[in-house]
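Chain IDs A, B, C, D and E follow the sequence of writing; residue 1 opens each chain.
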């Protein structure tokens, strides 16, 4: 895993993200999003979070992205060639976002982050699992309720008829 | 409580009771209750006579009795109410009771058949009550209160025939003009109270004597009090209400606007003479002297019989005020006494003529002709002999012809001015005013007599219907005409050229309490001087009077001189006189209208500008236009500060609401912007 | 250049790109994509902080929950968008402007 | 307390989860026409949860290894939430808007939302903070869009979901920075870690705090995170609008107070607490300015509205501003006042919205025009609305006055440097009078005097009276509420 | 007192209100009778209070105290002294009479009288409260019924007038709330008015806020609150509108009682708790009093609407009371401790409050009488009515002359005392404001002449004279005006000791007062 690989992944992530936000074609955006997610997963691996990378691929790409694609298809006639879309207030939005980025970048550079050396763990799934059963058991359970609620909500809203 | 106080209390309260009964029950009583008022006033007359008799029996110039109670007791702030009775009080009480009784009796016929007959008597009683309050007061508060109440009764009586706009206006004018004077009066009271801490005459005199109030403030206090007199006694420049007050019924004019109420100012000045500084008195003298002369010159050109008498009253009151100013305040009071008799009589006479004219016109169904205009009269002497002769007696008295009362009092006044001018030669103008007025007085009074009673009737049609007035009206005429003779004032002495007698014995000048370093006018010194100037004054005045009568005789009886030609020759002067020196017009232009305009403008400012202040300037034009068109309307919610602020708020609200575009992404953008703003705010 | 700051900068860029998408894209689905970018950027932060802060697994757990939540949220959001499409025949966010008075 | 032991003190939440599941099952059982009966099951569960809240031990604890707090403070807010939910559940079956839909899930979602809010008011871990807010958000997105055949409702849900996701994204980013600075997700540990930072990390701290504030601010709709409020409130079913304006707002205040107090102060007793801002961060001024801007904007824009519902939406923004006023003081009195205000606000705001429901049931409209002459036609409605409006304005003798009184008292007590805040606050309440009075004007002053009398549904009437009585009585005698608040705060002032 | 007479006074109207709530809405007569009986009983209680009042002490009497909200030191405390007694008497009196004035209300009778009784409680509560919090609550409680009474039963612009009134007063009262809280926290955390009067001057002594004395800040906040109610220029513009649009009975209450609350508050709170600031601010009070006098009179002179004229005359009359209040500094050493002037001024101000209450009430009732008959109030639109309505003309004359301060009627004495008191200190101001006396007369006489004198306007040749019910409402007021005008001691003796207490309190904290010209 050389530095080149890292920068490659960063480049893929960011360029595809740029396409996501700028493409006029919704499909292209969705496809680009796929690459972004992959890129992020790659970054996770660089960051010694292999389990998370797996989850990222599974849920984001296997779940969310598919949902998004469904969303695109359900809201546009599949035959329609024109699923392009436009943007608004790009100028102002761009300036605001750049300002914000400047603020963030300044913060990142100036702040003495908490840094501590640590050896690469052999695997992360076990540690995460342990945490989920101890410190974060409650959030784990709450997440299930959240999913229940979301499920129910999505069902209510998309149900046909009465 | 001695007998004088008891009598005074009855005299004071009885007319009030009559007023109450009349107002509430009057219409239901038999004869509409006139007997209640007349009974009350006659009782007061009897009591006043009794007091008068007591005074004569006592024969003590220093007689004085007081009674008072605590009216307001707020600890450090107290007002004591009470009566002060001395010889001046008693004489004044008698005058008021007498003239009031005469007016009551006179009115029995004069006012017969009036729809508000009982109301009229109620008001007369109210007046009597108030006037007695002025006379009896031993403190400035009761004086001021009665002073205002007199103003009220005068207002009610002048405007008694309120269906006539002129009468209603005259009443209002009288009240307001009087209030102008009263403001000064009030400020004077405030000055005295503030310095001395009491309202009672006794305390105030003692306080001034003790030097608690000195200097300019004392002068100003005196001027303030005098302003009250200026208003009430119709002195220049507040004289304007009195001629208008003739809109009231004639007995009222006789009682209130000739004999008593207008004399209240003089009475007050006589009472409080001791408080006046030299400077105050100078002002008093000049105002009085000028008024005497000034009003007389206006009287020359009046054609309305009551107007002549009204200006004559103003002029005579000026005499009295002049006399007070020169320190001869006893003479002033003496003139007050004699003037009350002859002037009331003159009014009754005039009333008798008018009454008769009224009947004549009524019979002829003539509603155009003015029953008071002397140009419609003439030759009435034969038809109304009693009226004529009694009026003639009064005319002689007022003109200052020997053997009549006016001669004595006027002589005293003129002697006083001479004496004063002798002491302070720079004020030579005062006697000039006095003697000049004497000449003119004689002239216009005889003019009145000649035009009314002598010559050929100018309107024979009316003349035919003229007849002598009924008994109730003639009786007062005769009685008062009798009282115009000098003898009643000089008893037990019978010397037509000297005023020595009971009056001069019982009423003596008291010295001012104003500290010597302020150079007070010492009344006794003036009195002393009067003895020396007595005969010169008499001589000059007789000459003047003779001249005046002669002039009138030539012009109006013998027609040797044509009044019209003379008027033409002296055109500017004539115009001034005929126009009453345009005082009313000047006031209207420079006083009433500006004040009313100011009020309008302030009202407008308050309501339409201030209240709408926050509204944008564009709205202002429209409101201005709407005000111009006489409408003070306002349009619904778009008004007021609140709305102004409300508008501003709503304006910003609209801007802020503009942020709520409904476009989601704008919201998000704004939120981000907000974050950046906060960030900047936080890091700076 | 495997340093904390490079990850943070990448995350920041991703975050800003996500924000940009959210505030500029008219299509509801595209806005949703932007939101996913934001969430991913935060996740990178978490994981990066976890890695460089002494291998603190809390960060990874946090990221895990975020991913779960993102899925749930995406489901609901898409349901809403589809529902809206059925009523409006459009999913352009700025056309949903009835509620602006 | 470890996970297993914690369960013993976790009953209210468990009951709500159980209720939700039971309700889903019951919903399967009912046919559409009866589906509203699910509401009664939820109601039963809610009451049971309240009983559990009531019988729980009083001393403060932390549960699930410092994941959530268990203390009177959270108990107070839970009770407030239960109360609000109770009234909404009572009224919902009688709202005509919902009549066209199967409402089983509606009640289930409310149950889930209550669960989420319970967690919100007690979260002590960044993950719990995030998750609980999301639970509440996601359920409320769905509820706002519940009238799926109505465009207004769709639109409201869309705006809500995007705004919500956006805000929580911002917050999440902020949380990640906080995590980066301290390396932990537990609030207590964060505080101690922050306590050791020198000033060099201030900037990051500020940035993260602002981003986190965006998340909380969106829940309680403070400027500039309020934009969703009017649109969502207007489009959502009125019952849900009423609910959103009270319960999540209370929960939002709870979490804001707890988070900021725990993380950003030195943690001393409240009366002596200081912002970490001893290092120079101008927190009080920021919050004071936000409060002023929020209340002013809410009031000023509310003046313009033509719909009562939307007017109430803005007024709820203004009220958030009032409550925010007491936070910068960082005094026990300030928190006390906010909590008391929330109780008072619960009654009057719910009441006002329920009147809107009743009017909409009758006229099908929510505009001011719909209220014309209603005071004559429905005297009871007019009377209770008068109470609510005057209470919202803050006039004695109503509960709203007491709420404001305590708020202003807290501000004044903090010293002359805050007088300007109090003066702006009171002047704002004068402005608010204007639009509240407009409702009165429409109901009583204009419109002819009709003699036809109608009343709303019995249950709505009962609920209205149940809300109006406290709105009035607490204006005269509020000692019980004050004592309750006091007890709920007592421990707080001694540190958690 | 064990009889709780004050509580009865306060809560009796509420009892009546509840009773009315249970009467069916179509039983109008019954409702009116219940209202009349309630206020009648209240009036009787007030008379009993008057009779049992001990005039030899300036302290609080009949004090009732109960705990209310102990955690905030809020108590239910009522009491009465010479300052409040006149108002406590006036309130039920005018309420009682106003019930009869509103007898021909026929729109929503039940609501009207219920609200009216609520208003009654609010008003009397303000005068009796000895707890600041309670005071504030009553102060605000009045607003609600007032809003509806003006807004529902008023004239054409009633909604606008009602909201304007409401907003104006609310601005004042919220500022007052701030001041109340500031006092509470700086002066020992109590709302007890009597206690604050003792502690506040010490506690606030030397306290600076932003470089300004705390006393001044609080004084100004309170002053604005009370000034709006008085109303003092330039915060007065709500008054003409509210008075004009309100139904007659409410105008009576507004002018008769509500305006007095401002002055009462100034005397009780500002003078009591912040005596030091009195010395600092008194010049402004005098100047404002002068402006009120002149401005009000000129505005009244400009009006064509009779009711508006009377409304402006209220502003004018309140100016005299302000002058009297300013006189209190005469007691300071700079003026040779002129206790007499201070006594005169302050007593005069309180007396003026009472007198204006009766006189303005009379005026408004009478305006209502003519409005009921002619359905307009344009001064120029009548003419010659004295002939058609002699009794009415007579009563109006009494009221007008009372209004213009004619001796023999009570208004004169109080104005006189105000002037006498203020003169030693504010010479120039008093001299200018005496012009007000003249203007007073001008606008009253002008109106009287236009309405009653001259030729009878044929339009009104069948106007009925004032009827018995209306006379019943006016005559008691006229009698009071007359009796107190002739012999004011029954009134003045009651307030004497309290006034002394106030003056002593203020001189005790006498600051450095620089006299104005």
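The rule we apply is simple: a contact is a pair of C-beta atoms (placed from the backbone, for glycine too) under 8 Å apart; a residue touches a chain by one contact, two chains touch by 3 or more.
A quick note: this is a predicted structure, and the numbers were derived from the prediction, not measured.
Q: Can you name the chains that touch chain C as well as chain D?
A: A, B
Q: Trace the shortest sequence of touching chains from chain A to chain E and report its length in steps.
A: Tracing touching chains, the least step count from chain A to chain E comes to 2.
Q: By number of C-beta pairs in contact, which two chains lead?
A: Chain pair with the maximum contact count: A-C.
Q: Let me spell it out: compute each chain's centre from its C-alpha atoms, then which one is farthest from chain C's centre?
A: B
Q: Averaging each chain's C-alpha atoms to get its centre, pick out the one most distant from chain D.
A: So the farthest one, by centre of C-alpha atoms, is B.
Q: When you average C-alpha coordinates per chain, which one falls nearest the overall C-alpha average? Tell me, please.
A: Answer by centroid distance: E.
Q: Find the geometric centre of each of chain B and chain E from their Cα atoms only, then give the gap between the two centres in Å, rounded to an integer.
A: Once rounded, the distance between the two centres reads 37 Å.
Q: How many angstrom lie between the CA centroids of chain D and chain E, rounded to a whole number?
A: Result: the chain centres lie 43 Å from each other.
Q: With centres defined as the mean C-alpha position, give me the chain A-chain C separation in Å.
A: 6
Q: Just the number, please: Cα centre separation of chain A and chain D in whole Å.
A: Taking the mean C-alpha position of each chain, the two centres sit 31 Å apart.
Q: By residue number and range, which residues of chain D touch two or more other chains?
A: In chain D, 127, 131, 134, 138, 141-142, 145, 148, 157-159, 162, 166, 170, 177, 180, 183, 203, 207, 230-231, 434 touch at least two other chains.
Q: Two or more other chains in contact with one residue: find those residues in chain E.
A: 163, 167
Q: Mind pulling the chain C residues that touch 2 or more other chains?
A: Residue numbers touching two or more other chains: 8, 15, 18-19, 22-24, 26, 28, 31-32, 48-49, 53-54, 58, 61, 65, 69, 72-73, 76, 79-81, 83, 93-94, 96-101.
Q: Applying that definition of touch, give me each pair of chains that meets it.
A: A-B, A-C, A-D, B-C, B-D, B-E, C-D, D-E
Q: With touch defined as at the start, can you tell me which chain A residues reach chain D in the complex?
A: Residue positions touching the partner: 103-104, 106-107, 110-114, 116, 134-139, 142-143, 145-146, 148-150, 152-157, 162.
Q: Note which residues of chain D are touching chain A in the complex, please.
A: The contact residues of chain D facing chain A are 3, 6, 17, 20, 24, 32, 63-65, 67-68, 100-102, 105, 108-109, 112-113, 115-116, 119, 125, 127-128, 131-132, 134-135, 138-139, 141-142, 145-146, 148, 157, 177, 180-183, 193, 200-201, 203-204, 207.
Q: Okay, in this complex, where on chain B does chain A touch?
A: Residues in contact with chain A: 663, 665-666, 669, 672-673, 675-676, 679.
Q: Write out the stretch or stretches of chain C touching chain D in their complex.
A: Result: residues 8, 11, 15, 18-19, 22, 28, 31-32, 35, 38-39, 41-42, 45-46, 48-49, 53-54, 56, 58-59, 61-62, 65-66, 69, 72-73, 76-77, 79-81, 83-84, 87-88, 93, 96-101 of chain C touch chain D.
Q: Provide the residue numbers of chain A that touch chain C in the complex, in ascending order.
A: Chain A reaches chain C through residues 3, 6-7, 10, 13-14, 17-18, 20-21, 26, 29-30, 33, 36-37, 40, 43-44, 46-49, 51-52, 55-56, 59-60, 63-64, 67-68, 70-72, 74-75, 85-90, 93-94, 96-98, 100-101, 104-105, 108-109, 113-121, 124, 127-128, 131-132, 135-136, 139, 143, 146-147, 149-151, 153-155, 157-158.
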